[in-house]
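The first chain written gets the first letter, and so on, giving A, B, C and D; residue counts start at 1 in each chain.
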Amino acid sequence: MVANLVEKAEQLREKTIARRQDFHKHAEVAWTEFRTAAIVAETLAALGYEVLAGAEVVDEQAMMGVPSAAELDRHVERALAQGANPKWVEKLRGGKTGVVGILKGAKPGPTIGIRFDMDANDALEAEDANHRPVKEHFASVNRGAMHACGHDGHTAIGLAVAEVLASLRDELSGTVKLIFQPAEEGVRGARAMAVKGVADDIDFLLGMHIGFNTKKIGQLACRIEGFLATTKLDAVFTGVAAHAGAAPEAGRNALLAAATAALNLHAIARHSQGPSRINVGQLEAGTGRNVVPANAVIKLETRGTTSAINEYMCSEATRIIKAAADMYDVQVVIREMGGAAGAENDLCLVERIERVAEKLGIFEEIMPSCYFGASEDCTYFMERVQQHGGKAAYLMIGTELAAGHHDFRFDFDEAVLPQAVALLSAAAVELLQQ
Amino acid sequence: MVANLVEKAEQLREKTIARRQDFHKHAEVAWTEFRTAAIVAETLAALGYEVLAGAEVVDEQAMMGVPSAAELDRHVERALAQGANPKWVEKLRGGKTGVVGILKGAKPGPTIGIRFDMDANDALEAEDANHRPVKEHFASVNRGAMHACGHDGHTAIGLAVAEVLASLRDELSGTVKLIFQPAEEGVRGARAMAVKGVADDIDFLLGMHIGFNTKKIGQLACRIEGFLATTKLDAVFTGVAAHAGAAPEAGRNALLAAATAALNLHAIARHSQGPSRINVGQLEAGTGRNVVPANAVIKLETRGTTSAINEYMCSEATRIIKAAADMYDVQVVIREMGGAAGAENDLCLVERIERVAEKLGIFEEIMPSCYFGASEDCTYFMERVQQHGGKAAYLMIGTELAAGHHDFRFDFDEAVLPQAVALLSAAAVELLQQ
Amino acid sequence: MVANLVEKAEQLREKTIARRQDFHKHAEVAWTEFRTAAIVAETLAALGYEVLAGAEVVDEQAMMGVPSAAELDRHVERALAQGANPKWVEKLRGGKTGVVGILKGAKPGPTIGIRFDMDANDALEAEDANHRPVKEHFASVNRGAMHACGHDGHTAIGLAVAEVLASLRDELSGTVKLIFQPAEEGVRGARAMAVKGVADDIDFLLGMHIGFNTKKIGQLACRIEGFLATTKLDAVFTGVAAHAGAAPEAGRNALLAAATAALNLHAIARHSQGPSRINVGQLEAGTGRNVVPANAVIKLETRGTTSAINEYMCSEATRIIKAAADMYDVQVVIREMGGAAGAENDLCLVERIERVAEKLGIFEEIMPSCYFGASEDCTYFMERVQQHGGKAAYLMIGTELAAGHHDFRFDFDEAVLPQAVALLSAAAVELLQQ
Amino acid sequence: MVANLVEKAEQLREKTIARRQDFHKHAEVAWTEFRTAAIVAETLAALGYEVLAGAEVVDEQAMMGVPSAAELDRHVERALAQGANPKWVEKLRGGKTGVVGILKGAKPGPTIGIRFDMDANDALEAEDANHRPVKEHFASVNRGAMHACGHDGHTAIGLAVAEVLASLRDELSGTVKLIFQPAEEGVRGARAMAVKGVADDIDFLLGMHIGFNTKKIGQLACRIEGFLATTKLDAVFTGVAAHAGAAPEAGRNALLAAATAALNLHAIARHSQGPSRINVGQLEAGTGRNVVPANAVIKLETRGTTSAINEYMCSEATRIIKAAADMYDVQVVIREMGGAAGAENDLCLVERIERVAEKLGIFEEIMPSCYFGASEDCTYFMERVQQHGGKAAYLMIGTELAAGHHDFRFDFDEAVLPQAVALLSAAAVELLQQ
């Protein structure tokens, strides 16, 4: 049957590549994946999946870093103009662009979940003729949105896996649950679906990424360590403007509040229990050279190898920001803009996946270990599954990249697509066998 | 003769108002006053003045805060399209939009200079119907440029004074030198003309502003104190970006360099010899939350009641900025974007002007003192004149304002125009009498 | 009569010098002037003055920067051992070392107050043979206490003035009130006497200092400007220690709280209404290189040309210190250690003193103006007098100095003593004449 | 033979305890171990060891944190007064208090080194009767010096091991090299001996500590991880004092330079390759509240899990300190006061020691792993040995403590002494067997 799956995945190769290129061309950034999600929902439904979408799978309160209502509306119009099915778009309104497909196998058994992310990056895609998406005419038509992280591939893989598993329904003992998540960039989207409970009944959860630390076709990494828990914060300071020459004492200086916050944030004490991170990535303040600045915003993130260490960083950061505002007698509003939990792959599940991969015979190198060292909000789903007694693993599937992730010249070797389809399908079959 | 001058000024009232409204409608920001300056040059020439313009009166090295060449070219095109005389525009190319008119009297005598500024503000003019320029159809057609400080009036006054004095040439003992300066906003323009030497032969220099501390028609202030010397600096920091999670140690943090600069700049020790000021009015840094910021810019200004105190502030600031860059191992480029000298009105000249004003009988209140507390680059001319043994004074001539200076609803009562024309003409006549 | 006063002062020359040298030899720092104050009280009583002392003239709550009870007790013992009269010392216990002498003239009239300060500096007096106090055997025997500001002279002058005026009692119309104040150094003592109300019934108050801006015998300055109001603060931060290698996150860093306070204190915005000052003069923090520092103290002062500007600085400083503590999650206690008000000399009183000085014929130069630019807590008395409708003036009486004020080699030409006695006596006589 | 060694160590129990208590009673802090080192040298010589000492084994340039010459001289006198042999003391002059004893076995073979540290802590020993050293009359007679870390025990162990191995000379194939090091506290002493090359010919090096993570008699830890490389720095800032009220601009503020250094030092970016540390443990600045502070000193340390990470921290720190000085236009001198390398135990050596320990039968628990998480300058010797192709291991030998290391009530159960003697002797014998 395993050889069979490699063949099935191969048969879907062209379709999968076509889908990936279509998603690439119509790249949609976080919370605006109206067209992508509508296509996902429609396809899953057509394959016989029970489809949940919008408010059914996304908790509005838990959404982070959502564009304004006007911006969302604009994207709804854009998506409709780009052919999105109005029925599904309607369900997704308000940026609730998550979709879940459920397929019950012929026999009872555990539930396996596979999670895919759908959003593009805020980036201007390369326009030179050497960039393959340009040459082959699938470069993004949505200016400022670009799939520079491979989520277009992830979504296409997900739909092909859906098709393979639907064709094997009679042989499955248990349930397949495919989670298509918005807004992974900025780690903003998973929490809203996790909080909604979509992963709570999953016994085995798989997440995956193409590329990254596996840089060649045929590489596979299952023993992933070093997921960094993270919190993304914006702090908006509001002071009082004054003429810097005529009445400096009348001002309340938001710029200096932000500057002293930035400096002291970076001075948060290191944590003895494991790596932590802090970064104030942006600071914008002031309106004119001769005005005491009344406005400032900083955009920062904290990280930690465990959720506890990240919480330490985040709680220190919050106190420091507030004190910086007090120091300059300005107001501050702190907003949580994103986040991811820490996580650990379950070793017993990892070993099963590795055995499946070996059987497939398409992976030349299964890496003995792999340090992630970054953040992925798939961890929110993993945490929920593990809290409920399930097992979770996150995989990296190799492919050559034209440029690094998030680079405006990013592209990948699409040969990874059928390989990923085969592996995930095979893993599901393995886990849902009696 | 004095009564005569009031009358002459009155006769020019309509023409002066019309000119002011024309300049208002075609507002031109710093270094782009191609149309305004061309009209000034043409008018002076027609009145019989010797006219110097462009590179003859503007030192290219000393120009500060000049737009890019492309931007300047765009404005040349705009000015030509708005009817500017190509002959004069050609002379003004490169933003050298200064004009000087020289009129030799019938008899020998001293040289009196009067300085006018011509540029508009970077502001979007109010569009509501209550705003008089809108109602009376002379609102700015150059979007983003607006005369919100009254320099349109100053230029119109200057041309009327030119006309009055030309008509009195035979009675004048000495020389009239009218200086029309670009780029007073941001105190960027005077230095380039002063360095060129245009004020070096002036025995009596007058500068003036309408409105400001004299808020009513009929008010006059000649005993101005508290000109603040100032320097405007931009500091551009360039570091090295790095992934804030994966390799924070690989970054060179320009944001923190800018933040620590800002904080320490504000901590420059006060000066015991008089008031000083420092303001970091803007700070912009970073490109993304999860990237160690590789770019930052701060826009700041220093001030002092004397040029020496301002130089102390400026030299401290420069050292601090460089050290902040060193501290974070980033590069920094510091650019001087504007400046003004400190200055003092010569009391003996002030008293003569006050007596002239009294004789005119059109000023109800001559203020006993007036604290300026801000910066004006007319001080560069004043400093040069005084260094060469001449006398200088700066006057404020009252008018009601619709809104404060630099406000997008700014407007003034044009009744001030003939009053200013009469006063300046009378002062010149008085100073050039045998 | 004026010539008479110069003569009377001359007759007391030797006695005054002897007293000054005795006070110098037994120098007593702030709040420990038990011997000095006891001698003052005893002398005034012997001259027929009504004498108030200790709790009668010092408000305990308003005393600032007082040594510990044990330290005070030690000084009581020292003073007794150095011959202080136990009766008076008993009244002065607790550091309440202020004395007021009251002399009612024969006829009714206004009250004139003259204020003298008695305390020495915390300094180790020079020990080399060239230092005159060493050569002439009146160097301080109280190690660590030294009259390096001339208050020994002030006290001696006060007692001679007391003697001169007592001899003229029958000719005086009104009351003489001589205020001998402790703890001028650190501007700690005047407030406690002013709050007690000792100056509230004074119509004309004179304060004075020898040396300072009047650097030669025969110089006199009465038109003093630029008294800086000031507040002296200590801030004590208490955090939590932790091993810097093993558990840095467990610490609460008092050193960084103090450092960020220091930096941001110096960044308090300048005040447009006049000069202000801030100085963190000392910072001590931490116990060991490898321990997160749990303790820190900063000693600072704010100043302003007016009490209002100083209050602005002080209130900004207090907020900043508290916020710095919050920022590092440490505790802070802020203690007021001293202070002085802003003040202005009453010009009408100044002019009367100048006329008296001219009549005396012993002053070669009466300075047309004099900028003080420092703090003196005599201003607390001046403020109270002026608030009650009286007039106040502070004088500087010239003398050559061996080294600057507060220098360990300080000494002055004692020829100033009879001159000051003559001037103050003459001023009192003038003001208490019918 | 192993059982034999346990017995031999037992026979030396009383002598070893007596030595330990004698060293405890005559505690000597870093670089002043004249008496201790003299006893060590004398004892080794008596046992037949070749003895090198002073300049023969200590590189003067590489000594860190050495007391002043006067202080050292004072300690020489003290040591002589306490019975130190003048011959050896003379060799140790200048604080070069290192001693090396060399014993060549009967047959050729490898060189085994064992390193012991001899110095006491800067601490005031507890004086209450419950403190065993008080009760049993061996509390420190050198006020301010106290063995609060167990080095008294280490030295006594070393001399007993020397005696045991000397008695076995005929059975040894190779050379024994016993290194007695000064100044481990503050990690100041090892570098000077390592640089001198004393460890360069060692094939197997053993270091050890009693107590620490092994808190009970019978515990042993050989698999030590997490040695933190460290550097100890002092930075001394020198500015210019000025009166804070009268001429603040004339000052050069060393306090603010130190404060901004402290803040920015703590903001050094975390390193992605492993834990790093920074601590500014002390800051002292300024002399008076109203003086712009002209002096400041900070005492800091950097750490890293590898020497490379520590070097990153140290090089960042150095740049930041220099830039902070530049920022305030003050001078700075940075002095290296101590340091330790990172290190790793060689696993093959560890396993041999563990087998020896098992054979001895006196250890109840051999810990499977042990995280050190601190710094030890034994690592400098380990690094040199490993660089030359040798193997190194550091051991912890358990004992109950009366209070934690560096606590003024520190004491330990002396039952550890013969156990350590047996283990180290047995290890040497094992490693020097054919």
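Everything that follows uses one rule, which is that a contact is a pair of C-beta atoms (placed from the backbone, for glycine too) under 8 Å apart; a residue touches a chain by one contact, two chains touch by 3 or more.
The structure displayed is predicted, hence computed values, not measured ones.
Note on connectivity: the fewest steps through touching chains from subunit A to subunit C is 1.
In this structure, the chain pairs C-D and B-C differ in their number of contacting C-beta pairs, and the larger number is found at C-D.
With centres taken as mean Cα positions, subunit C sits 50 Å from subunit B.
Rounded to whole angstrom, the centroid-to-centroid distance between subunit B and subunit D, based on C-alpha atoms, equals 69 Å.
Residue numbers of subunit D whose C-beta contacts span two or more other chains: 246, 248, 253, 256, 260, 263-264, 266-267, 269-270, 272, 277, 292, 373.
The part of subunit B that touches subunit D in the complex is made up of residues 246-251, 253, 256, 260, 263-264, 267, 269-273, 292, 312, 319-320, 322-324, 326-327, 329.
On subunit A, the positions that touch subunit D within their shared complex are 263-264, 266-267, 269-270, 272, 275-278, 373. Put simply, subunit C touches subunit D in their complex at residues 186, 228, 230, 232, 243-246, 248, 253, 255-256, 258-260, 262-263, 266, 277, 279-293, 296, 299-301, 303, 337, 373-375.
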